[in-house]
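Below, each structure is written out as structure tokens.
Shared between the two complexes below is chain A, which pairs with chain B and chain C, respectively.
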Partner chain A sequence: MALAPIFRKIFLVDLIKGLSLTFRYQDPKEIYTEQYPLERPQVAERYRGLPRLKMNPETGKTLCIACDLCAKACPENLITVESERDPVTKRKVLTKYTFDLSRCMFCGLCEESCSTDAIELTPDYEVAQYSRDGMVLDQKRLEEGPDRKEYKR
Partner chain B sequence: MAHMTPTPVMDPAGDRTMVLNMGPQHPSTHGVLRLMLEIDGETIVRMMPDIGYLHTGIEKTTEAKFYQQVVPLTDRIDYLCPMTNNLAYCLAVEKLLGLEIPPRGQWIRVMLNELTRINSHLVWLGTHALDIGAMTVFLYCFREREDVLRLFEMVSGQRMMTSYFRVGGLSLDLPLGFLDRLKKFIDAFPSKVDEYENLLTSNPIWMERTKGVAYLSAEDAIALGTTGPTLRASGVDTDLRRDEPYTGYENFKFKVPVRTEGDVYARYLCRVQELRESASIVQQALAGLPEGRYKAEAPKVVLPDRENMKTQMESLIYHFKIVTEGFTVPPGEVYQAIESPRGEMGYYVVSDGTAKPYRVHMRSPSFANLQALPKMCEGRLIADVVAAIGSIDIVLGDCDR
Partner chain C sequence: MLNQLTQYLQSTVTPGQAGSMLWATIYILVIFAGISLCVVFINWGERKALAHFQIRLGPMRVGPHGLLQPIADALKLLLKEDTIPANADKVVFWVAPFIVTTAAFVVYLVVPFGPQHAVTDMNIGILFMLGVSSLGVLGIITAGWASNSHYPLLGSLRSSAQMVSYEVAMGLAVISAILMTSFTPGSGSGTLSMIGIVEAQKAQGVWFLFKFFPLGLVAFVVFAIAMIAETNRAPFDLPEAESELVAGFHTEYSGFRWSLFMLGEYAAMIAVSSIAVTLWLGGWMRPFPNLLSGTNWDTIFSLVPGAFFLFLSAVTLYSTARMPKKLTFRIQTVGLGAFGLLLGAVGLVMLVPGVRERVQDIFWFMLKVAVFMYLYIWYRATWPRYRFDQLMRVGWKVLLPLSLGVLIVTGVVGLSPELMTWLKGVL
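What follows is the complex of A and B.
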């Protein structure tokens, strides 16, 4: 047996090498843990989270034209769109829009299919609810966004 | 064959041996794998893996979806490398359609695939070391994995279930500032791999636990259908990226690490070397990323650009048609395999000429690699099973589909 391996074994060179690396990361600057409710992570712009229905900022009316594309594009069939024809203007008017968040897998196909950019998956990542019924979002809740309390210690 | 019986029941022969159930809720089985061990003292006489606890029915579900709706489902098969699944499926459908992807799309695909490999290998290295008892490596691996996941989030919008690739290209172009961030990460990454190796490669405890453990010979590895690093660690030099290049891998220079020892330590060395090779491929892709379109010019298959869709009547019509009716794929069947971090990930797609696939079958690497586990463990100690499971790097979602 050569001398070098014996030397390494007796003086635990390899263990000390590993331990020295561990001790180098004891510096408080090297802490990676995020203190979540106090420290909120910055998510990317493209993040696919809570869905929103957008409105025209000038008129306050929905951008949705009830074309049913998002409902067709959804792999889980969780969007329902109901509409009726306005007898005066002959346009389709949205009457009911529901989005079942409990079955959503946030794939973003609805967002991609929307021809007027009305439905959007926003960077809002806190989607937990107190009940299953609460997971089914109607048009009002989709437009207004979540009603959220700020929790402080 | 005893392994093929539908409801395996073990009968302890005499009172010399006993049957021990390991799993399905065992922390080192990486999910819900149940192992039935017939043991004599601490020596394993026979072993039977029992799968099916994570059956998702994705293969069947795909038959009721449009071709473009299958992409988010493929993420969920092997949840540690979503991009490779997306890619394998998209390549299979593109092969049926005869679509050619522009160079920029291909290079981005290669780049993200190698990042996925890094992501998957980091999870493997962390959990494998954790199983054997090295806690620190896990923390360092997940630190780097967090960076990769943030990059995925930036480019696709989700950390794990990316669904970024589409049949015919990508869903969106790369975001602004992504390349700078990726370059910063990938330049620093080889030094991080040095850190992991510092902790493990010559660590005496690590070597005692892994060297000579769970030996698999090259003949057995081929006969049992293993692929990927499990096969390469047994001395068989195959890599689909090099042997059957897809999506432009022929433009990249990389080495395929091969070891001949066939034990857990050899598999570890193979994968760590692959981490470095993947980093080098990402660097090459960054250096030579071509300009141009990121999706193919095929109006009947690929969704039009959003600007065109809002200004041109024809584009809007195609957009409506693709979303509501899907795109039809010529009848035929195709098999497309790619090198996933675990081995050969193949998609077999049968089309009957409609907008929904007639059959999609996944040849998953975890399922085939799991077959080699009894061969590795029989006649060895029960403590080595943990090392063996870690070394073949299975994902149970991939096993069951």
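What follows is the complex of A and C.
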């Protein structure tokens, strides 16, 4: 005859243990909720999100040399690069760059293939839009990044 | 008219006893409005407390910390479409929520918020309360039957079985508390009146929770378990077990009718808690009546209610000042500010000497009931639901013998002086 389990049952020890555990959870420091539009989660540095075309910070000109490597690397063929040759410098100059976000699976192959680090998948995760029309990004939108409303607490 | 109004204020009995029809009506209206308001805010408190138990935040968007959420909820419920299933028994379906709500609210006729603050003082008060609150089952059964659907019917059948079996243990626990009222020195007979029970605790100088030490406590624990089962709350919420029965007896209800069920359930919770407070926790008496006695302590304790309301008002006004200054928040800010000022006005009125003594009883009573409401939420956040056979086993095999034993032992202990003299005479 073990007495301890019987006493535990009579004095409802297990139930009280559970109550004390949940009572401690009420501490405001324990709260795990993130109030999303007011508080933004910190994603990992290598997170692959919204694409961006980088510019040379000194001249303000695009880093893209229109080599077409990203378009060839893309498994979905969603990047189009159009260029023409500059008659003076004999270099290729970018005339049109589009990125179809609706088909992108964020594999990051374009980023890896880029020889000048011009295209980059940023950690920006808010890519949802109201219609498919805005999902084909042109050079201007890729360079400027999204126009976003900031919420304050 | 004015004469009648002021005449009652000199008396020290309830309006029902004083024969003041006018004040009885006023009390009924105030209690109805107050309990409805309490239910609305307990709903907010439950969502909030439950969220904190589960390390969430709960409602946060409407007003500071979601304080105005219940108002938004009530508006939504009232504007919602009210559907009746095609094959339902329409009349019974219509009547059921009213039975539940009426049964829950009629009980408040005898709840003693203070020596003067009850609609009336019946000499069978506790019987009346138990009897009327059991009528709520009738509403639940009719709701389940009239819905003409499997889940509501199963839920209502479970509810009736559960209520019938727990009523027995509950009744026996209540009887042992009533038995204690008869041990008042010099009276010799007990009482069933709610006010009489509290006055007996006052005369004996002990709350019945601590009377004959473990006995009162055990009876109270039996009652506290049975009352959770009676009001269909977790961990005994089998009639509305979400995982098995969708929503139990109110599956087919929506909009206003559903909110009546909600109102009835929470009003019943408050009613049953107030029975427990009256029988075991000294009703309207302030805490520590023996340890901190004397007129000085009386004055200090009578200041507490007003101070409490002033503190609430300060918190509300502070959060009003911290509301966002945008145009879309203007109505919320004004509403919250008005609410804060109202609380402050109530607090100031409760500090006035004449009012203070008369009103503090209500405060202590409601505070004790509020503790019970918190316990209800705490239990819900902690314990998993019982299986139905376990529920029946606890009711019939544990609580019933326990309450019966406590009743017998209470009688023996209470009569022990007489028993001793009788034994001496025999030997």
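Following the convention adopted for this analysis, the second predicted complex is superposed on the first by the 120 of 153 C-alpha atoms of A that agree within 3 Å, B and C clash if a C-alpha of one lies under 4 Å from a C-alpha of the other, contacts with A are read in each partner's own complex, and residues count from 1 in each chain.
Here is the rule we use: a contact is a pair of C-beta atoms (placed from the backbone, for glycine too) under 8 Å apart; a residue touches a chain by one contact, two chains touch by 3 or more.
Being a predicted model, the structure only gives us computed values, none of them experimental.
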| item | value |
| --- | --- |
| First, second, both or neither for A:Ala73, with chain B first and chain C second | first |
| Touched partner set for A:Val127, first chain B, second chain C, both or neither | neither |
| Chain B versus chain C as contact partner of A:Tyr32, first or second or both or neither | both |
| Partner chain(s) touched by A:Gly108 [first = chain B, second = chain C, both, neither] | first |
| When both partners are placed on the shared chain, which of chain B and chain C touches more of chain A | B |
| Which of chain B and chain C A:Met135 touches, first, second, both or neither | neither |
| Touched partner set for A:Tyr47, first chain B, second chain C, both or neither | first |
| Partner chain in contact with A:Gly18 - chain B first, chain C second, else both or neither | both |
| Partner chain(s) touched by A:Val93 [first = chain B, second = chain C, both, neither] | neither |
| Overlap of chain C and chain B interfaces on chain A (superposed complexes) | 15, 18, 21-22, 32 |
| Touch list for chain B against partner chain A, complex | 65, 68-73, 76, 136, 143, 146, 150, 153-158, 161, 163, 171-172, 175, 195, 198-200, 202-204, 303, 309-310, 316, 319-320, 323-324 |
| Chain A residues touching chain B - in the complex, by the definition given at the top | 9, 14-15, 17-18, 21-22, 32, 43-48, 67-69, 72-73, 75, 105-109, 112-113, 115, 121 |
| Touching residues on chain A, where the partner in the complex is chain C | 15, 18-19, 21-23, 25-26, 28, 30-33, 35, 152 |
| Residue ranges of chain C touching chain A (in the complex, touch as defined) | 49, 52-57, 60, 324, 378-379, 381-383 |
